[in-house]
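Notes to accompany the following structure.
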Amino acid sequence: MRPRRFAVCLLLAVSGSAAAQPPRSPRARDLGVPFAFGAPGRENAITDVAGVLVGHTTLVEGDSVRTGVTAILPRGRGDAARTPCFGAVFSLNGNGEMTGTHWVRESGIVEGPIVLTNTNAVGVVRDAIIDYAARRWPPEGDGWTVWSLPIVAETWDGTLNDIYGRHVKAEHLGAAIDTAASGPVAEGGVGGGTGMICYEYKGGIGTASRVLAEASGGHTVGVLVQANHGLRHQLRIAGLPVGLELRDGLRRKEEAGSIIIVIGTDAPLLPHQLERLCRRAALGLARTGSVAGNGSGDIFIAFSTANAAIGETERTVSLNMLPNERMGALFEATVGATEEAIVNALVAGRTTIGFRGHTVVGLPLERVRDILKRHRLLEPTR
Amino acid sequence: MRPRRFAVCLLLAVSGSAAAQPPRSPRARDLGVPFAFGAPGRENAITDVAGVLVGHTTLVEGDSVRTGVTAILPRGRGDAARTPCFGAVFSLNGNGEMTGTHWVRESGIVEGPIVLTNTNAVGVVRDAIIDYAARRWPPEGDGWTVWSLPIVAETWDGTLNDIYGRHVKAEHLGAAIDTAASGPVAEGGVGGGTGMICYEYKGGIGTASRVLAEASGGHTVGVLVQANHGLRHQLRIAGLPVGLELRDGLRRKEEAGSIIIVIGTDAPLLPHQLERLCRRAALGLARTGSVAGNGSGDIFIAFSTANAAIGETERTVSLNMLPNERMGALFEATVGATEEAIVNALVAGRTTIGFRGHTVVGLPLERVRDILKRHRLLEPTR
Amino acid sequence: MRPRRFAVCLLLAVSGSAAAQPPRSPRARDLGVPFAFGAPGRENAITDVAGVLVGHTTLVEGDSVRTGVTAILPRGRGDAARTPCFGAVFSLNGNGEMTGTHWVRESGIVEGPIVLTNTNAVGVVRDAIIDYAARRWPPEGDGWTVWSLPIVAETWDGTLNDIYGRHVKAEHLGAAIDTAASGPVAEGGVGGGTGMICYEYKGGIGTASRVLAEASGGHTVGVLVQANHGLRHQLRIAGLPVGLELRDGLRRKEEAGSIIIVIGTDAPLLPHQLERLCRRAALGLARTGSVAGNGSGDIFIAFSTANAAIGETERTVSLNMLPNERMGALFEATVGATEEAIVNALVAGRTTIGFRGHTVVGLPLERVRDILKRHRLLEPTR
Amino acid sequence: MRPRRFAVCLLLAVSGSAAAQPPRSPRARDLGVPFAFGAPGRENAITDVAGVLVGHTTLVEGDSVRTGVTAILPRGRGDAARTPCFGAVFSLNGNGEMTGTHWVRESGIVEGPIVLTNTNAVGVVRDAIIDYAARRWPPEGDGWTVWSLPIVAETWDGTLNDIYGRHVKAEHLGAAIDTAASGPVAEGGVGGGTGMICYEYKGGIGTASRVLAEASGGHTVGVLVQANHGLRHQLRIAGLPVGLELRDGLRRKEEAGSIIIVIGTDAPLLPHQLERLCRRAALGLARTGSVAGNGSGDIFIAFSTANAAIGETERTVSLNMLPNERMGALFEATVGATEEAIVNALVAGRTTIGFRGHTVVGLPLERVRDILKRHRLLEPTR
């Protein structure tokens, strides 16, 4: 069984990567959903931040395996990936796990990939990152390798996935890293998002970006979410309380989902400035209606790919910093891209049957369009 | 001159209190603006939390004095006011001042009034609180009185007010406390909100509340804001991006406003749970469009009037606590009441001319209603 | 090989538990080292806090396996262990990992065991805790079991242990829990402390406690450390800079150790009060000379076994709270017990040869006694 | 009366400045007290950090005025003082006030002076800083001046000082700034420290510094404390529990003092790195025996005078950063200088009679020397 599962996983991993990208399904913006705060980048994805790669390992097998791993590599996969980034975290509601954050907070540094998976797989994936690095960059003497305090975050997929079956293995982390690519990012039920549920619809991975006007610095902000949060009645799209109308397929449980939000930028921000971006992700989340329920692990992480010299450990390092006074446009970009990434995750969700026959329906796109149209908020589609 | 100013101030203080309340202007809900997350209390104000008093001293004099003081008394004005409350704070964007918060964070306790004023008056008001308490409850021996680490927050009113003229005096703090009342709360350009600007419209004080269903615990959450934040294009009302249409009277400056949000509840929450409410205020703020700009001092404070025994300093105290698992409805209430309090501040704002002839227009209520109507979001008014 | 290793581990686990406790080696206090701030409990251990169990799985095999797992169970092993405790964390220097802390900070709650191991084993142990709980208390429906955000902390033992060999397995977590006991706690190179180094001497597990006078509440504070931190020249014992004299066996490397400090108490403290205890652990650590070096993961966690009703999730809970004003004696107790636990870890350390023949010497007890005697600080031994 | 008091204050201010410095009393190091972690700078004071000025206004009048103001100017007094510094704060025990810290935390920036005074004078001094700046650098248009979120910290001097008499006035802030000087810093009962009590001895202002070896970067760390904390039995000097022997003049009250610690450095540290220094101040404090009692406001602030370009608000700024890996020596320097600054405050304390005849004795220097000698810890004096 195990070889077969792995084969499936690799296949899906490849199909989730840029190389074999099928004709892309329409995304929220394609459907006429309006979004605020400027224009997206080429892919409207976190990969619009130069150098950032995203890879998914998607595990769909039999009746009950619906899970996976998503890896975001801030500085790609080669030796450049040994260079840390400035980074920061913020926990809006800490009913969840993101490992490695004590050191992010202390050092202001994100080292290695940021990996998303299911709740019960955090440990195996976390250790697998260390082993992956140790194979690629063996530790010297009795020292350690890079990536020794790995960053792994989770949301709970136990409704659609046999989460106690422990189907995520170390090799799935490797596959996600090794197939990570720039360009378009598969969304919805892929990678770590495979079994996720958002506002009681099928959720999962979503992404979006904003490119600032040159006058505002021309920087790019990209956001990627693993969206597994929210109750239906809270859902807002384009500001409209669509969740009050869309009452199909309710699961009517206490919220126990979560959302992990990853923010990348090429703006030269220091750690304390990146923490400011993290807090803005909360504002983007709020625009989709969430109140960050008690059961929700809403933990956000930001990194900047600028300042590539910070890997230096011996000598004083030269850095660039964007003044705080110039951050307003980045705040808007973060809020806008976060809101859009979440709606993209919903739009990409497809009705899914999983563990014990549990079914989660996908967002009914036509009905959403109808509601927006009725309220004169639907934008003309291209 | 000074005596006259004081007379004016007292007069206004009285007119701002419940006693002489004129027929109340319509509030956002009266105009048909829809709000989420349950029903408000009797006054739709923070004073719906039993025992909470609010008092304003409004200073409007000549061409350039447009400022004041607002005091929120969690446990009223008598000796009960010596009893602390559990409390917590959260800074969404700390470009502002709220004194006393080191001790709130450390002790989990809010002592004495929470007072709002202009940026430059924080010191005089802060010291005045100590003196007020020392007069009422003289310190014993070489000890100290209650309220010795006062909580004073601010937003900047230097556009409409001669803020460097230092027109706020110690006696204005006393007047705000002494005229504080339960019942309806004056909104808009009163008290600390007198000279405030919100989304480039006249802002100031706003308030709202939610009463939970009995099944959800029946608790009350009240919110009061001093709203001085936001750029016009960001403004959303009822989810609609009304700020994109309403382009009159723009001041076109970098955001340098702020919003102070005060949350009161009678739910028996511990300090760490109250901090959770504070973070939800950020989500309510986001629903009005704010991205918490760099220049904004967005600092929030919450208190619970339950657990009146926590004044005990010698013996183990008996407390009640609402389980975390029961907080979801309180989160929704906080988000909803915060959004509504901000829109109430805008609705109560009136075009104001002040310092150096600067004019800030009030929210054009009919145009807002028209926009909501056009988008089929206007609710029937009562 | 694997079965044999497991047999060794179980044997050591048993020998590390109370049942087969050999005549105990002298501890710091037995040698005449003076300590401050009151009297210890019966075992001078974290197990003096009623109900707390400690279990070690010690892995010593061949030339290069020197590692293990230590589990602290705040509410024992039976169904009572499903009941959470109030808890809090503090990171003095976050160059390390402690999983589960987002939820501790958010909820104020510690659920399940607190487990210490080596850096690279955090993942496997973390997942093993979930599996352990799921076997004992199977999740209902598509819900989850208790202990689903496990608390696992680490320090680095890669000098003495083949840390990349991944010798810690899931079953070792189970053994540590299953053999956990009240009563005396084995110290030094046992459990998670097996391969640890402290001030360039052999370190590892240490513990101590304080029992407050009845007038101060009569509460117990117990501390357990996994001590792997510090440079020799920094070391202070009884306030004396003994590290300036003891220059044998120096490893002369940048500090890359860490210390995890676990504080338990039966005093009825709320989460924010427990965080106050955590910060005092830093003060106890400082008394042994540490400056919390850049490479050190100095992360502290505290729990209170009082308030057993907080497992309730439906109804308002009745709690007890010690007033802040009564915490002074607990602060002293925490500082004193932390200092003593660290010195106990050093005193229990024995010269150890491990990975690649690396040797770490134990603290030379007679020389330490001589120094104390010369400075007239040695206390008469019993 | 008021003019006379002001005259006295100015006189004392001048006498406390470098210009008229009398032959300096011996400091702790002169008396043979050993200190750890390297060598001090020329003045063994925070002013060893180039550009830093310190000024005291000392108010001693009649029987009951024993208070004052101390100003630390990170970038001097001229137009350079408009340029902000990177900065950070840490609250070890927040039973106190330090204004302006929301913005320090948010922006990573310290603007203007750091001012120390008594608890009840925080407001008047805080507002006075704004007025001082507005006079010197008038705001343009309806904007604001620099220093608009002033940093003022306090400790309680109500035992020796008629603190409710409000003897600190706005002009005393001006005098402290205007007389601030580089060079030696007056210690003990001067400036904000005039009425302070430390370990139940006369305390107040103390300072010390460390200059790192060239191999460690050659940077300077300076510390200045306003020491008003601790109970006698806790006091340690040179590691020795001298407080257990020195039982004279006990005041036997619950600790209600506080210590403010200011750390300056010329090392190019970013805000998150400066926060790391702040946490080390706690470790230095611990070495003098404090447990950071419940009543203690132990709030620390650090700034770096490097990176003078950060006043830029329009363009991307070029910065320098010391790698985290190079911070170890700065940590030791901070711990060492903090410990020494506190002992210096005690050594400079003189028996003082004040409010209501309360008397606080000075540290008995000869007895302390005797104890150190008996324990063979007294160093030969120069």
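A few comments on the model shown:
So that you can tell them apart, the chains are marked A, B, C and D in the order they are listed, and the count of residues begins at 1 in each.
The criterion applied here is as follows: a residue touches a chain if its C-beta (ideal position, glycine included) is under 8 Å from a C-beta of that chain, and two chains touch if they have at least 3 such contacts.
Owing to the predicted nature of the structure, the values given are computational and were not obtained by experimental measurement.
The chains in contact with subunit A as well as with subunit C are B, D.
When every chain is reduced to the mean of its CA atoms, the largest separation from subunit B belongs to C. A straight line joining the Cα centres of subunit B and subunit D is 35 Å long. Computed from the mean C-alpha positions, the centre of subunit A lies at a distance of 46 Å from the centre of subunit D.
Residue numbers of subunit D whose C-beta contacts span two or more other chains: 93, 105-107, 276, 324-325. For subunit B in complex with subunit D, the touching residues are 91, 93-107, 119-128, 130-131, 134, 139, 142-144, 148-149, 156, 158-159, 163-164, 166, 297, 299, 355-356, 358. Across the complex, subunit C meets subunit B through its residues 105-109, 217, 268, 270-273, 276, 310, 312-326.
Subunit A contributes residues 34, 36-37, 92-93, 234, 236, 238-241, 254-255, 276, 279-280, 282-287, 290-295, 324-325, 327-328, 331-332, 334-335, 374-377 to its touches with subunit B in the complex.
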